[in-house]
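Two complexes come next, and they have one chain in common, chain A, joined by chain B in the first and chain C in the second.
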Partner chain A sequence: MLNNNPQSKLRIEDMMTTGVITVLPHMTMRQAKETMRLKNISGMPVIDHANRLIGIVTVADVIQALDEQKLDLPIKERMTTRVHSIKPYESVNKALAIFRQHGYGRLPVVDDQNRVVGIITTNDIVKRLAKYLRLDEIEEITDFPNKTVQNHTLSFNIKGGDFDRAGLAASTIKKKLAELGISHDIIRRAAIAIYEAEMNIVIHAFEGQIWAHISKDKLQITVSDTGPGIEDIEQAMQVGFSTATDQIRELGFGAGMGLPNIKNSSDKFTITSTPGKGTELDIQIFLN
Partner chain B sequence: MKLKTVQKLLEAKVLTESLSWEDIDVMTACGADLMSDVLAFAREKNLLLTGLIYPQVLRTSEVLDIKAIVFVRGKIPPKEVIALAIEQKMPLLATKLSMFEACGRLYKEGLGQREANTDAE
Partner chain C sequence: MMLAEIVNKLDLNVLAGENLENKCVRGVYICDLLSNVMAHGQADNLWITIQTHQNVLAVATLLNFSAILLPEGLKPEQSVLDKACKEKIVILQSPQSAFELAGKLYEMGLRGN
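Right, the complex of A and B next:
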């Protein structure tokens, strides 16, 4: 485990993403938009021919250019030129301070010659810290051991973008319910609701947690995530409405069925969301 | 319908030969390329026909107790997906037929006729 202040020992190079997608200043904003869409990213460093950092272009810049119908202008005319950057040997603390102070989501990482060697995002830091702190391990707590019917609580930490492990909470809870002799139809509904909720976190959020509490008469599932939240819940609940990227759709998800599927699989369902902060689901499935 | 019959009707190749599969019984089938649709519409003792070859297909099938998967349109999943299927004991078949024809052949021979299902393609 780590000492009191884990970030201070961690350096940017331990957490940054290398092989960064960059653009050149003479390319158009339209090309920047397409690159971001295809690569599913929200910002890119702009470099000169010597790979030196000269600016950054983000989704916000693309939206503004779109709004002003100026997508055919070169990136150099629309990019942000006063860019903060960080060095690979600097501490994660410094990156966090810059993120906090300026509200950025990413920082280009440059070497001493100002050449782009990586990029670091808040998500990279969250993922890496979760690994250090072992937050992604499954916890199971069995309480009230003296009762005839035991209560069980299972909790799972889910990371945004972690498609490899998506579905683990659903299959673990499913097995637990089967062990407890719960009827097949109920297990099935629970598995569908949890799987869709897991996919929602993986697709849309930075990270989230799923708690499943099994008691004598019901299965209570609480899903809470930190992420962009939902602006219009009524719209999000409509079958077919989706904000997922093309990349997600290629995996067979993002068809706008997730929340309606969860609702249809539960006996009671409530959703609350704060845009910019996150979303919480409360799912209840009666066991009798 | 036995999986052996499904394999013959679809002229399908078996991708998971180490698993026993011939006598597995399927009651109906679901043809879809959207996993969310599969989650919404698939029933039990189901056969899944899909053109998607990602590991998510296996996870979805596990969650829904799908009995076997047929990849249509000549799609063959990567080795890792086949290895995962063997570990999960999920038989995989692959046919060159289109989704439409694969579903049609199975339906014509009586699969799922008492319990009409969805073809989301």
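Right, the complex of A and C next:
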């Protein structure tokens, strides 16, 4: 799945910002604060005399120092020293995995000698990927020549975290099924299954795709995402089990009903997942 | 029962939507967990929820709800109301609690699914 994904071909050097603003360890936290304020940035790599990465200092560190009235201490005493970094030739997937796993917003990019050559932020990736993948597109490939019935295939790119557009795949497919005169009960089941699959991508994955193939006998929905995957599928299928954050739960998601709802709405349902890579669902709903 | 009648009797505010006299309500569902709503909500339901973000619109559309009713004076952001108008989804609002509203709707003869 990853090999077919254009994202896996994208390297950090295609997306990183070069000309990074860095600071030296003997500079004070006050200087760090001023640099961040003037440059309107929220974190900076700390380098030694040979431009090698030795730490990172962020707004959070500045606030903490401010709170403790220790702005005149050198950066080296307040910076984070156990810093994750990434190489220019590594994949964007890896950066996304690190962002997701650790909740970081930025990663210094270093060469093989640990010298800082750039910085990459989630925002850099989102901007470039949106352009590269043309994520806002909905594709419809329709009307394969078939003597007795017209087949329809609809595909959707879904972005992780995009709550504003969530539900678009489900509502578009629902509309198509209604146009084809499919019964209300089947449309309802399809809408539930697709909506839940769509929300799973939005909530848990980096990105994913939904394909719906409508033929004479059945609606086949394939869902494929790049994301953290599922460690224990049996556990994930239990009603009430959820790994969603509190923030997601406040929105009324993450009740641990998504996958069970999909299963209950399907005539056939299979799920496969590779932790650290992603999840695939195959959902079939018979039309007769 | 027609939606316009419910709006009049319970003195509900109409935040989005039109043609209320043509919309029929066949039952009421109350829940704030969207997956639970997806599993149990039925077409032509009046849905009472405290969720006000964009995704309630997707849920209401997918399940063909008659309207969304926000209790306790809750108000969605303007972008949500704009989208509701565009997609012809009715959003109603009342200062009363979900419990009070449910009681009154039950008295009017409406039931769960």
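Criterion: the second predicted complex is superposed on the first by the 155 of 288 C-alpha atoms of A that agree within 3 Å, B and C clash if a C-alpha of one lies under 4 Å from a C-alpha of the other, contacts with A are read in each partner's own complex, and residues count from 1 in each chain.
Assume a contact is a pair of C-beta atoms (placed from the backbone, for glycine too) under 8 Å apart; a residue touches a chain by one contact, two chains touch by 3 or more.
Fair warning: this is a prediction, and the values are worked out from it, not measured in the lab.
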item: Clash-or-fit label for the pair chain B, chain C on chain A; value: clash
item: Chain B versus chain C as contact partner of A:Lys174, first or second or both or neither; value: both
item: Touched partner set for A:Ile192, first chain B, second chain C, both or neither; value: both
item: First, second, both or neither for A:Thr243, with chain B first and chain C second; value: neither
item: Partner chain in contact with A:Asn51 - chain B first, chain C second, else both or neither; value: neither
item: Partner chain in contact with A:Gly252 - chain B first, chain C second, else both or neither; value: both
item: Doubly contacted residues of chain A, that is, touched by chain B and again by chain C; value: 163-164, 166-167, 170-171, 174, 184, 188, 191-192, 195-196, 251-253, 255, 257-258, 261, 264
item: Touch list for chain A against partner chain B, complex; value: 163-164, 166-167, 170-171, 174, 184, 188, 191-192, 195-196, 250-258, 260-261, 264
item: Parts of chain B lying in touch with chain A, wherever the complex brings them together; value: 33-40, 44, 50, 52, 54-57, 59-60, 62-65
item: Complex contacts: residues of chain A adjacent to chain C; value: 163-164, 166-168, 170-171, 174, 184, 188, 191-192, 195-196, 199, 251-253, 255, 257-258, 261, 264
item: In the complex, chain C residues that touch chain A; value: 32-36, 38-39, 43, 49, 51, 53-55, 57-59, 61-63
